[in-house]
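After this come two complexes, each holding subunit A, first together with subunit B and then together with subunit C.
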Partner chain A sequence: MGLGLLASRAMRPLKYSNSRVFIRSIVSKPELQSPEASSAAAATALEPDLPPRSPVGGARVHFPNPEDAIEVFVDGYPLKIPKGFTVLQACEVAGVDIPRFCYHSRLSIAGNCRMCLVEVEKSPKPVASCAMPALPGMKIKTDTPLAKKAREGVMEFLLMNHPLDCPICDQGGECDLQDQSMAFGSDRGRFTEMKRSVVDKNLGPLVKTVMTRSSVPHNFWLNRCVRFATEVAGVQDLGMLGRGSGEEIGTYVEKLMTSELSGNVIDICPVGALTSKPFAFKARNWELKGTETIDVTDAVGSNIRIDSRGPEVMRILPRLNEDINEEWISDKTRFCYDGLKRQRLNDPMIRGVDGRFKAVNWRDALAVVAEVMLQAKPEEIVGIAGRLSDAESMMALKDFLNRMGSNNVWCEGTGAQPNADLRSGYIMNTSISGLEKADCFLLVGTQPRVEAAMVNARIRKTVRANNAKVGYIGPATDLNYDHQHLGTGPKTLLEIAEGRHPFFSAISNAKNPVIIVGAGLFERKDKDAIFSTVEAIAKKGNVIRPDWNGLNVLLLNAAQAAALDLGLVPESSNSIESAKFVYLMGADDVDLEKLPNDAFVVYQGHHGDHGVYRANVILPASAFSEKEGTYENTEGCTQQTLPAVPTVGDARDDWKIIRALSEVAGMRLPYDTIGGIRSRIRTVAPNLLHVDEREPATLGPSLKPEIKSEMDLTPFGSAVENFYMTDSITRASKTMAQCSAMLLKK
Partner chain B sequence: MAMKSALKSIRERGLGSFLRELKEEGFLRALLDGNLMQTKLHNRGATLVGVDKFGNKYYQKLDEQFGRHRWVEYAEKSRYNASQVPPEWHGWLHCMTDHTGDELLMLKPKRYGLEHRENLSGEGEEFIYHSKGHFLNPEQRDWSRYQPWEPSKKE
Partner chain C sequence: MSFTLRAVKVPPNSVNLEEARSRVFEIFKTACRSIPSIMEIYNLDDIVSKSQLRSIIASEIRKNANVTNPKVIDMLLFKGTEELNNILEHAKQRHHVIGQYVLGPQGLVQDLDPKDQGLSSFLKNFYKSNYF
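Then we have the complex of A and B:
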């Protein structure tokens, strides 16, 4: 003990003046020494005097109608649960975590692993709690010798044919089978025969299979992956073949899994049978540092956890968010991370007279940019934010260019004349989780399967749950649920608006109709006319009511919603043609064909992608995994990314570069910290500071002025050609390139 | 005995080639190198069990004291060390097995079995083993975890 500590002890006043503290008396209880008295004491202790347990994972019980509540007893605790709960759910509410393998709360009940056996009073045998509905007055016992023995026996059966692969298995350390055999299994096996082995399947470039690991005896097959594929992902690729011990999982014709959600089978597989192929043998899960952040590869803003080791992103996993992505993420989100390690810009570069880039230091690069910028006329300065930009940097870019006198700032993908005035005109008003209440969908020029896979999964869930009708207008596509292909273009839309189309009656008869308009239509010249037609349908079909707003726009990019909230709207629609100075902040998909040849282009971004090839100066910036940034998703929910790994090379955060440039140019922006920039955002779009909250639009489209323009009758195009490659990160990714080469080839 | 066989070989092959052989076999060097001399003396009356591909000779003499009954005469007479024994002979030499190196060579994996190399550390900087991130490792691994964009690649 150090001197200082001693001194502080001596100086601290005694808490208890009572000398009882210092003299610990040892008291024996003579009444407990006699057998009769102690049995009497035990009898009184049978009453539940343990502290009440809290539900597993904070599970909450929702009573649809209170009179349906039934009372059951879990380990002696009385418990009120709604009718229709299974025994397992009742135990979860009571705070008892029942071991399980095949049961998954979001999948249908299979009841074939038998791990969840519990004892129920007056039942001759242990019951599988996941498949047994709780009945009134049921006395469930989860901790009796019978239940323990049953679990141990099941565990032994499950491990019978399981190979001893743990040291070389990627699931090792996060494996349900490992954990539960530690907790509930026997310490020795009695199995001496040969283990069964199964030939591995090729499920494509993302999912690695080690089928032997999934072999469990007879048909006690966990088959979570089969249920996931058919129920959530909507592909009929995985199925079971054979009978008895010859039973195995398979893609009937060794077909590649063509789902865009196939990566999720890795997460739900409780053993190591399905693991991530790009992550195979790369790291152990206990070496990884998890950073809870959000995804920016599409406009859904899926909640993810970036697992990193040192400066390297090792993998991306989903995080539970019931309102956005539930617990799934798309393959693009999950496997794009190797793009973060390739084609990175790590030094500021200036293109010399010979057309080659030369690495320079920041001081020189910023000096050159500022000099050129100050020479350009204010109206010739153009700034374009990229599809991955965060709100802070877009705010800084807009402020900076406004100070330079230019008002030509926009975000790519929002079109020439975006509607940024009415927030209801560009966000998903129903909210993603609200789609579950719908019973009729009209998809206008959007293919949610490739534009926002998580929204598509939500629609599919709704279609499965309440047989919602789906009408689709756009180029022929494969949505993985039943839908009517109504037409390909505005003609069909017009027919519905005039009530001539049979689908109009489906909308008007529906209780909660939903119209989803794709953001790909923003690029069309006749977008105002299309939107007013859609609004006409919404008006006639009673889509917008005080209690229900079913008119939605499905955005494409992570930056779009925040850009429109911040008012990144170009002053004139043909500013590119007359531009002399173009500031591309990560914008790679802007059409620079019409740009005059003498225009000076600055590319600020993290990847050497399309935008770099026309650039004169490159300023390296940090990617979403390396910075703290605010993003707003398509339903208007603000979320923030957190830095998981350090930036590469000499790169800096986007807003810091613009802030530094403004100082070099002599137009100093008034904020130095991310807090300062956020208080500036507060004055423009306060909803961007309410993190993890969905801010619904306050005003409906009824305020919009009437637009009297004709629709162009060319059919709608598809906004996303290649699901796997939509932005600079995914285009740099080798895994995504493999996917698009193997899965999109028809 | 030894004299007799020496005289016989002089008679058969001439004095010049006998002397050359004497030198190649290391008898001259053995005059200065006691270790080698001891091996040479030891070799008398021992059975030559085999010769590996480097020319090392493996001897056995069962009436020697156990532990001294198997030995190697290195092909290299001046700069010999134990790492010159290939792995297939190592086991026989150290009495781990009674299978000779020639027999064990059959078990060598065809596809990924590496050729034996003696340990050359001490012979110069380039032969010293350096771990993969070591500054002096000629194949020094690049520890940067990302691949930068290279402007000249696609220009």
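Then we have the complex of A and C:
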């Protein structure tokens, strides 16, 4: 909430009351000086001559049913809103920002902070606008002296027990309480007793609590965090304890907050009671530079803002995107940033005869790589893109290796024989926001809570809102919503496909059924059989209709969708066994056990992770926070990262390294700029250039040929063992290590 | 800076290119005449020879060989005189003179690898830094 806006609104009633008390002075407005305008004003005398306002934060009104529109008046403005809107929402549409603490648009209404009081005509008392439904013909006044006085009273109560520690508070500078006390706070306190103090709680390694700042003076006032934990995150850890002035927010027993979304309570806390533990006392928010980019730690592509100071990433915050992550991000996204500062590769290195790495310059490193590469036979050259690779570098890698005569390029995690032909076979066809329309879910071999926490939050939202049924096939797991554990492996899948299982009737009776298949199954040998069984279920259960495609694949990595779009598919499934030259572009999770001992391995990446152990040459590359790169998320939405901080040491962008290597090797790639590489991508996968747009798959799976192969009846495994550590950045992060040590402890 | 101001008198502008040209020769001769004292002040005997310093001065002047505007030449002459005076007044230290004139802007770094001749500008920039 803008400080200036509040301050100006606080000033306005004063001006009005002045004009009533004193004799009105003669004023001349510009519109009165021009005769046309004054005559026009006279013609439409019934319309109030107030300056036009635009809705707060671009708020839009959607009328599900045009008959349900009602008319209300906000500060004299007539306004059409749908039935069921609250007074606060009506004011937002009218362009009036009502101060609020407890109200949050994505949480249930508590109505207990009373900051949003407004005056309504014919109502004896001011009403709490967040909890009051707007009624037809209501005349709402938001800036009357009564409303202002009421808010000032509320503010005084809120500040009564709030400590005066803004100078050492991490929320300082971006604190709702600070901002609003500038507008409504008194310049002196009348409270002379001792302030209440509360013992701080330990909520784990991520969230720092200063419970004295929590404003719970008389009845429980702002409990946004409690509502968030129970409603969005789906954990019953936080709650209210005690009564009266002894009331506290806390975990019921001395217990850590075990949710993969716990970091979001930091954002929604309007005071400084819950702040980020890794960020504590590290920086002030006004000295940070914000860069709007996207997250790559999972396949969701959450929209984030990287706050950096100089060359250092200080914190990561969510950015609003209704279609992908709403305004939440997972803890892995939020707190993985300290991994960007540890274990970084900063110089090109060559492994000497003694097995130690020696730092060299780029010229020598590229010359060595090119020499070895040119000696290898084309079919012995293998290139593997990592799970964090951007589309540009994958395109360059594929082009380069194809020029060298090899076609063994793939992206890790897509399996031996990935299906890259039909786009509907590897993206989330329903789209993430489309999941909200569903009323029945079948999760096949996927645990969305650890694979894609934001998708899981969306499923949970749907389960809460529509009472959607969830059936789950896979190893025992803890999903934070009601679900039926149908079985552990393909056996159950077959039963459903043959209609023998009771859950099949749930799918066929559902209006918008959704099947989500985990990308962990890509690694199985019998994946074609599993997918054809799932398609059989989809066909019988009417999951795919012209207006609804409920058959989804939930990918695991940020690079996967773009890699399949660009056709990074290996030519032969056992190319590793016969490889002599392996180019790992950030690939850390490839099984190199079968690689011959005399093979030459080049690792290009930003972290000294698994891939480095076997590497002969290291080429340092930039991480996602340091480069401009295109990523496609699991629903097929293309987004771009922007560089927030400079690269570390002598590192270079991924595609530049490959472009330079191609020239040293004498197979010069024809692009010198990122624009050039993008126009090359246009010829392969034009959807990767439509940034921030979701490109749905055009053809359904019905075109696929029938596959007659037997399913292996071994149960499905879990694709993600440790939610907090899935890639080289998160594995290097100290915070993530603490989380996995403390929170995953069984 | 007072001594510099005292020492450098601003001569009247050159009327035409011919006059400017003759002044360039004058400053070159003055600089050459002061080479022995420069070598003595900065102790340069074991680093360069007199003839090398002469050719360095000539090449400094030749850097601006394409300038034809007498006003610009006058300005450059003024800057050259000022620089020469600074050197003669020991306003610089030995490493300044060596770094600026004897070694040149490239310094001790020998980047002129004969292998680099056929490289594209992309690769030359790539070896320098990530940002281009």
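We take it that the second predicted complex is superposed on the first by the 697 of 746 C-alpha atoms of A that agree within 3 Å, B and C clash if a C-alpha of one lies under 4 Å from a C-alpha of the other, contacts with A are read in each partner's own complex, and residues count from 1 in each chain.
By our rule, a residue touches a chain if its C-beta (ideal position, glycine included) is under 8 Å from a C-beta of that chain, and two chains touch if they have at least 3 such contacts.
All of these numbers come straight from a predicted model, not from anything done at the bench.
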Review point. Of the partners subunit B and subunit C, which touch A:349 in the superposed model: first, second, both, neither?
Key: first
Review point. Counting only touches as set out at the top, which of subunit B and subunit C does A:387 meet: first, second, both, neither?
Key: neither
Point to revise | Partner chain(s) touched by A:731 [first = subunit B, second = subunit C, both, neither] | key: neither
Exercise for review: Based on the superposed arrangement, let me know which partner A:612 touches: subunit B (first), subunit C (second), both, or neither?
Suggested key: first
Study note, to complete from the structure: Between subunit B and subunit C, more residues of subunit A are touched by B
Point to revise | subunit B versus subunit C as contact partner of A:653, first or second or both or neither | key: second
Practice item. Once the structures are superposed on A, label A:663 by its partner contacts, choosing first (subunit B), second (subunit C), both or neither. Key: second
Review point. Regarding the shared-chain residue A:311, is it in contact with subunit B (first), subunit C (second), both, or neither?
Key: first
Check your understanding: Which of the residues in subunit C come into contact with subunit A in the complex?
Key -> 119-123, 126-127, 130-131
Review point. Touching subunit C in the complex: which residues of subunit A?
Key: 361-363, 622, 646-647, 651-653, 656, 659-660, 663-664, 668, 672
**Study point:** subunit A partner contacts - residues on subunit B that touch it in the complex
**Key:** 145-152, 154-155
Check your understanding: Of all residues in subunit A, which touch subunit B in the complex?
Key -> 310-312, 340-347, 349, 355-357, 607-608, 612-613, 648-649
